[in-house]
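The block underneath contains the structure these notes are about, expressed in structure tokens.
In order of appearance the chains are A, B and C, and numbering begins at 1 in each one.
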Amino acid sequence: MFRNQYDTDVTVWSPEGRLLQVEYAMESVKQGSACIALRSSTHAVIGALKRSVSELSSHQQKILQIDDHLGIGIAGLTADARTLAKWMRNECLNHKYVYGTALPSGRLANDLADRHQRTTQTYVRRPYGVGLLLAAFDRNGPHVYQTCPSGNIYECYGTAIGARSQSGRTYLEKHADSFGTCGREELIMHAVRALVGCVGGDGELTVENGSVAVVGKDEKFTLIEGEELQPYLDRLEMEGGNNGGGGDAEGDGGDDMET
Amino acid sequence: MASSGSGYDLSSSTFSPDGRIFQIEYASKAVENAGTALGLRCRDGIVLCVEKPLVHKMLVSETTGRRIHTVDSHSGVAITGFVSDGRQIVGRARDEAANYLETYGTTIPPEVLTSRISSYVHYFTLHGALRPFGASTLVAAYDPGTKEHSLHMVEPSGVSYEYYGCSAGRGRQSARTEMEKLAINPKQGEGELIDVQEAVKQLAKIIYTLYDESKDKPFELEMSWLCEGSGWRHEGVPKDVIASAVEWAKKEIEEAEEEDDDEMEE
Amino acid sequence: MSLSLQAGGSATRALSSTAPSATTSHTTSPITTGTSVLAIKYRSGVLLAADTLVSYGSMAKYKNARRLLPINSSTLIGGSGEYSDLQSVTELLKRNALEDRCTADSLYNEESNEECAKEVWSYLRAVMYNRRSKMNPLWNDLVVAGFKKNEDGTISDEPFLGLVDKIGTAYEDDILATGFGSYIALPLMREKYRPDMEEGEARALLEDCLRILFYRDCRALNRVQIAKVTRDGKCLVSEPYELDTYWDFKGFVNSKAGLGTDGGW
């Protein structure tokens, strides 16, 4: 019987030069519900689909605020994300105490990626099974970063991770050229439209399962959920576009291990 | 592969019966599949050049997946392989440089920096609880003490050498062949060695010669230099210089192809 | 040797037996010192001034020590107090500045993460307060000068001038002085200061203050440096130069405890 011997430990290279445990951790990101993010020249927006385990339960939390100027959307093991969020909040507070200013998001994103990487090189800890989208507005303008369990990090104009995120990403890619000049409202609408594509089967984007957050020039990180999301869904309805992605059932989103 | 399944290749703390450590070889494989990285030592400085694949269309390419990093005022490194592994090496290199400066009051000499990086990378090949780095590091540095500049490369095994020209990643072999044609080796005495301006063009040409548009992912050229002209500081090659080098390279390659075609017809 | 995890086990005893003698004390008074630093905002930036003397107790030991230092492309610090601590603080700040350059997001914009003067000042406050809370202070009063950053990261028109002392007290002002200068020079500077002072005017005021300090402060010297931060020209520190002095004032000539006086001037 052939069993892959190289895929049970993070510290073992396969003969092809791959790290299978890390690649598996990347898979867990694809299991999580979708999360998208995009930015204009003044704002950054995160959108996410929240799951609930049953009719009787609340929906999960997909977008976490880290600081006034920064928040994350998550896909994958949410418990792992909480640990990371706690650490990130701490980093931001420390920076504010020491320097009196907001932590530059690029620095935080890089430190976060390094934190991911370290788990892939030591035997004692498993990789974090979560992908993060970071939306921030700092002194260098708005930013969107994507991190992976492998420790790879991308700064993007728009991106999507999690289950069925491919159609969301396709939507974003199609409209990416126009994001730069978008106003706040238009950018949120783009997020909502991209999200709709990620809804599974005959599902719908609703005030319960939808979640959007925005941060930008003169605007602190703000969650838009529940009733506050309704106007955007109404607008979507007017455009006639709130049916789930349906056909595009194949989940994707995480990138391949980039070498 | 003979090693596979033998059980001798599951840990870097295990030797195979014929004295090899397969885990290091596998880690090197990760580098061999990655974007090409080139380094060239010229008359008046050093040029680093890396092929950076763009994984999707919406990337902010200037800040994403950077493979060339400044380590100290007079040194920079290019990495290829697992970029996230490489960043770890870069971080260590910066710590080493800063500690040296704090202790001795002078900039870290190139060979000391390289040997410190080597030791760090090597350490990860010794323990079962760690894995070797899946990244190679090209170190360009200037020694203000001796006023010499030099180029080194550290491999995943922790081995390092000094080079006139070195390459890592997917196109390393063909790139080496191309670089051997350039006037960079003073021992060959081919008269005047090339300068950094020329090197930027030649390196761009090598990368574009190896690139197959139909097979390979779209990429961006990342280039830096450390030369007389930059006051021996490590800095990005100005974008317009890269752009004109690429333009020149593409033209050269086209012309060479036309010539080939002509010869075939004859 | 076995260690017990229970209360009162060998580990606990081992700790408690060493605890009383484990108290350490650190240097809480300076040895080699620099005296006052003066600073003033003017029309197009901030000016700093200090002499170049480092004293060993009351001995004028080093006469060419620089105490006004640029620590990144747009921030100057001036320090009085223990000179070795000042060197250590400067090295720390320069190391941070180098790290900020190296970790910039882009190879083409290495200044993007550079700390502005206000951040340097805030950072020093944290360092100084932390050290004094450990009863191991850095024995300096530091003046930080530069420009504030706009929200978008560009350097603003608004000059910044702040002070951090050896116990972590931090404040901003248009005019600042440390050491003996805070008694002697500050009142004079307050009298003459205007927000729209020209550089020459501000410079003359600082030189006057330095001269007066040289007359009255036994740890001062007439060999001085002036430094400025401007929005466009960034940091400039002058080479040390000597101030003219005039010792023939009547009060100086007829000094000392002459008959019929109270012993003062």
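What we mean here is this: a residue touches a chain if its C-beta (ideal position, glycine included) is under 8 Å from a C-beta of that chain, and two chains touch if they have at least 3 such contacts.
Owing to the predicted nature of the structure, the values given are computational and were not obtained by experimental measurement.
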Requested in this report: Using the touch definition up top, find the fewest steps from chain A to chain C.
Outcome: 1
Query raised in the report: If you count the C-beta pairs in contact for each pair of chains, which pair comes out on top?
Result: A-B
Report summary line: Cα centre of chain B to Cα centre of chain C, whole Å, reads 44
Query raised in the report: chain A to chain B: how many Å between their CA centres?
Result: 32
Report summary line: By the touch definition above, chain B meets two or more other chains at residues 63
Query raised in the report: So which stretches of chain C touch two or more other chains?
Result: 105
Query raised in the report: Of all residues in chain A, which are in touch with two or more distinct other chains?
Result: 106, 110, 155
Report task. Note which residues of chain A are touching chain B in the complex, please. Result -> 5-6, 9-19, 106, 110, 113-114, 116-118, 120-124, 150-159, 169, 172-173, 176, 255-259
Query raised in the report: What residues of chain A sit close enough to touch chain C in their complex?
Result: 97-101, 104, 106-107, 110, 138-141, 155
**Report entry** Footprint of chain A on chain C - complex, ascending
**Finding:** 103, 105, 112-113, 115, 118-119, 122-123, 126, 149-153
**Report entry** Residue ranges of chain B in contact with chain A within the complex
**Finding:** 1, 3-5, 7, 9-11, 22-23, 26-35, 53, 55-60, 63-65, 81-85, 87-88, 91, 124, 128-134
**Report entry** Residues of chain C touching chain B in the complex
**Finding:** 91, 95, 98-99, 101-102, 105-108, 110
